[in-house]
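For reference, the structure I am asking about is given below.
Per-chain residue numbering starts at 1, and chain names A, B, C and D are given in the order in which the chains are listed.
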Amino acid sequence: MSLAIDLISAINQAIKNLFKRRITLRYPEVNLDIERGYSYDPKAQVGIAGYKGRHILHLEKCTGCSLCAIACQNIANCIAMVKLDVSYPQNKKSIFPQIDYGNCVFCGFCVDACPFYALFMTNDHELSSTDKKSLIMSPLQLSIPPVKKKGLVQLEIDDRGPYHK
Amino acid sequence: MAERTLTLSIGPQHPGAGHFRLIVVLDGDIVVDVKPDPGYVHRGAEKMAEYRTYIQNIPHLERPVIIDSSGILFPYVLASEELLDLPPPPRAQYIRIIMAELNRIISHLYWLGIYGVFVGHTTMFLWPVGDRELFIDLAQMIAGARVTFAFFVPGGVRNDIPDDFPDKAIKVCNYYEKRLKEYEKIFFYNPLVLKRTQGVGILKREDAIELGATGPNLRGSGVKSDVRKDEPYSSYDDIDFEIPVYKDGDCWSRCMVRLGELYQSMNIIKQAIKKMPSGPVKNAKRGVLKGIEGEAFARTESARGTMAYYIISDGKPYPYRLKLSVPSFRCLSLMKHLLVNQHVADIPAIYWGLDYWPVEADK
Amino acid sequence: MGVITTFEQFLVRILQILFWLLLLIPMILTPIILLILPYFDISSLYPLVPFKERVDYNQFLKFLMDPTLVFPYLGDWMKTDFFKVVIFPGFTFAALFSGVIITWWERKFLSKVHNRYGPVYAGKFGGILQSIADLFKLLFKEIIIPERVDKLFFFMAPMGTLAISGALLALIPLGPSTYIARSNLSLLLIFAVLGFYPIVVLLASWASANKFSFIGGLRSLHQLVSYEIPLLLSVLGIVIMAGSLDLIRIVEAQVSLWFLIPQFLGAIVFIIATLAELERIPFDLPEADTEIVAGWLTEYSGMLFAIIQLAAYLKFYALSALFTVLFLGGWHGPIFLPPEAWTIIKVFLVMSFLMLIRGSMPRIRIDQLIRIGWVWLITIALINLFIALFIYSMGVKF
Amino acid sequence: MSLTTERERALLDKIKAKFEDVIKEKYVKPKRIRIDVSPQKIFEVASFLKALGFNQVASVAGTDYPSSNEMEVVYHIVAIDNELRDIVFALGERVSRDNPIVPSLTDVWKSASYHEQETYEMLGIKFEGHPRLERLLLPEDWADIPPLRKEFKLPGRE
């Protein structure tokens, strides 16, 4: 008898879930609202919580010290210092990091390595492309802040289960 | 004998095995011999670690177990802290506990989903995988990534938790404790699941210890053994929690241990949030990190069992030798013991009941 | 809808307008005309309409209401065996109902249980065209034939499953006069047809020359053979109470009371044995995708696979309809819907219930399955038979 | 967390009392003990340790020391579910690199079996008496020297 009760309670649980909310994030139509990217405070030697997405490079602060490239060695080897045709007073050699997102593992240790508040991470995670070359982002591309997405939603929980709103 | 038997290669491309091959010899519906054949995803993580500094090893060593990436990093940071002489501040230890337990939940839910679908329960695949997103979102709030966090560093953690994290985490935990009751009704106490898992793949207490089982597999055999209690690391001795232990040693006991751990992990997260002291989260020592000459052995309880690192340093920024002892690798010796004389249909039930993660075992 | 810039967009727009016109005219315009026109004398409108000699508007209206009045041969044709077998209630209707609507509904329904969305993108409403899209995908896929298979049987097996499932449809009545064939022994004939299924499955698995296929085929053989007996025993009570093996007589016997109530145990046994016959969860061992790749379907691909799936869904429909006819009073229902509609609604509900079981149960093991079949189900079916005999001996007539 | 080493000392003294001249103490830290034994005597020491309550092998680590032309095997032994559960005992042995043969401890701890097999594969140390000394993780057609030896360089590095 208890067997029948347990079986029926299992089926009953399935029926109850017919009326629950669906947790699925319908991704291309809506996006998860991620407020900020990961950044690092070199003075306090500690990071500030945030999403580890595509980098943003502040050209006017970067001195071309290549500490980020050194930090990336043996991890992903995806940062290369390239010469740009721009002149900034703090960057005499005019070299800036260029990041290959085909190799990047988004660990964020390059951000931790930058002592000049020049390299941070953003909440942009849509980096797919159809060829490997366009995954390599030049310093100028990195300096553009990401486009704000449409249809931002957040996870909410109520009596009928979690959902995205 | 030879004419009667049928040799099946289950894996590495069969859905029942992952990146791993089980060579199974069948006599009718009964398994007569099993040979586990790991190594399809072997990358030589130990050798590669000898070429990387202590910090550079962090993203590298997460890779074997990406669904439990904090679990595999935890003993590494403990061992390297001993070698680098970088004690972590107390707040960092609590954040580490929260992160490790979140990751344990994420890993157990992944396992539950796989286990559900491997005993043929489609709903138990999609519920845990869906609800896992709640905890991945929490982990993302702290660590900024959804899978490979690279969050623990020798001397603390990368960053402090955001201000809105405690409220959200407690809300999610409260919801999920209620939700787990539904899981119990539809899966754990479902009579057909009991029929599939109870009395199947029995691992006796003595055999479990002798063959080297760890973690939930060991606790499913009635052994009260958990590194978090045996040798409390980080701040686990401040936190009041229980170790779920089931005596039967069958697949169902191993399931129930993991279910109990889901409850306990949420309990630990809630307590850690309450008890967390304020202060810095990272030991602010500057300069190139060089290990002092010597060796260190650290072990923690990851989602699958005792994860241990043995690091030998010769005073350079790189480890001289890094030995990674993973729980899945120890499951290999259990497989033959458990699978012989069982039915074909029990192979996935037993194999996934062990929560074997091929990438972790292959390193 | 953006600004039209290319010729393709222009074509798409035109087609869309045509589509909506075609959809709206019969659904909205025609009923309105039909409602309004009786109040007018149509003949008074004739002077306004050109070509009045040639077009009889009353005929046109009649055609809209009942085509058979205008084209007498159409009505005759609908009564032929060819129409019945091929279109309604035979193959085309069953294939469209089970292959398109039920597969879609199963996905949507199960996804509701799973707390997810299911198909979304194909079709205007809730991915309703997903089954069609899958059909086209399978149509364009290469049929891979492994080198060592026995090609004759490898090709014949899908056709065999389809033929068996199609044959089941012939005997199941949807309404008092909507059936393909009537026989005094139609219930027995259904079981006779079902008995061919294990042979085809075994042929398919042996011809595939694959270890996993072979294990799946053997499992299927064990399962189907051991569940046909309880399936047959569970309906014997109904045969006694209705006094006939004719399905139409059985339905007619249920005018006052559905057999579900006196034969409740029989209904449970029938449902369980049906699940096993259909190879659905919790009895989907022959194609247990996590144990033996895909069981006896492992080597099938492309359209061959689609045919097997179609056959499986036809069988699903046929056995659900059989349950409806035997236990749920067939076409009996309130008068406002035609009898066929009641049968189809009940079949739909039965199928939904079987899907619910799929959503809440795991797969069981072959030895347990055989034990359940031979020990429990046969015992319960026999008890049920005694209940039927008892009711019959009390003098209750249906 | 106690940072004293009294329990560890007492434990080590117990072992020293039995194997006075055989073992060499390497270090005693809180909850960690490391001793070195010669390969000839390791079986007896291991059996004694098992009788003490150390019933599982957590890891077997082989290390290559080309500078002293030696190879080292360290067994990390843990105690499951008894009063020694918080102690990790490291049992080390050293052999010459030219002919690395050590006795297998599979007969003492079955749990050492796969770890020893891995060490054999990665360093080429032969474990005498091991039931299944064969390839485990490396590809079947691996023809190079065992990869964890120091003279094996990763391709593209140094």
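The definition used in the following text is that a contact is a pair of C-beta atoms (placed from the backbone, for glycine too) under 8 Å apart; a residue touches a chain by one contact, two chains touch by 3 or more.
For clarity, every value in this text was computed on a predicted model and none was experimentally measured.
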Smallest count of steps, each to a touching chain, taking subunit C to subunit D = 2
Find the geometric centre of each of subunit A and subunit C from their Cα atoms only, then give the gap between the two centres in Å, rounded to an integer.
-> 49
When the C-alpha atoms of subunit A and subunit B are each averaged to a single point, how far apart are the two points in Å?
-> 25
At which residue positions does subunit A touch at least two other chains?
-> 10, 13-14, 17, 23-24, 161
Where subunit D touches two or more other chains at once, by residue number | none
By the touch definition above, subunit B meets two or more other chains at residues 51, 123, 130, 186-187, 190, 192
Let me know each pair of chains that touch one another.
-> A-B, A-C, B-C, B-D
What part of subunit A is in contact with subunit C in the complex they form?
-> 10-11, 13-15, 17-18, 20-24, 26, 161
Can you list the residues on subunit B that touch subunit D in the complex?
-> 38-39, 42, 44, 46-48, 51, 209-212, 218, 223-225, 230-232, 237, 294-295, 297, 299, 306, 308, 310, 312, 320-321, 323, 325, 329-330, 332-333, 362-363
Quick one: which bits of subunit D touch subunit B in the complex? Just the residue numbers, please.
-> 1, 27, 31-32, 34, 55-59, 61, 63-64, 74, 76, 78, 80-81, 85-86, 88, 90, 109-115, 118, 122, 135-139, 147-148, 152, 154, 157
Partner subunit B, residues of subunit C touching it in the complex = 110, 113-116, 211-212, 215, 281-282, 284-285, 288-293, 358-368
Show which residues of subunit B lie in contact with subunit C when the two form their complex.
-> 6, 8, 14-16, 29, 116-124, 126-127, 130, 186-187, 190, 192-193, 195-196, 343-348
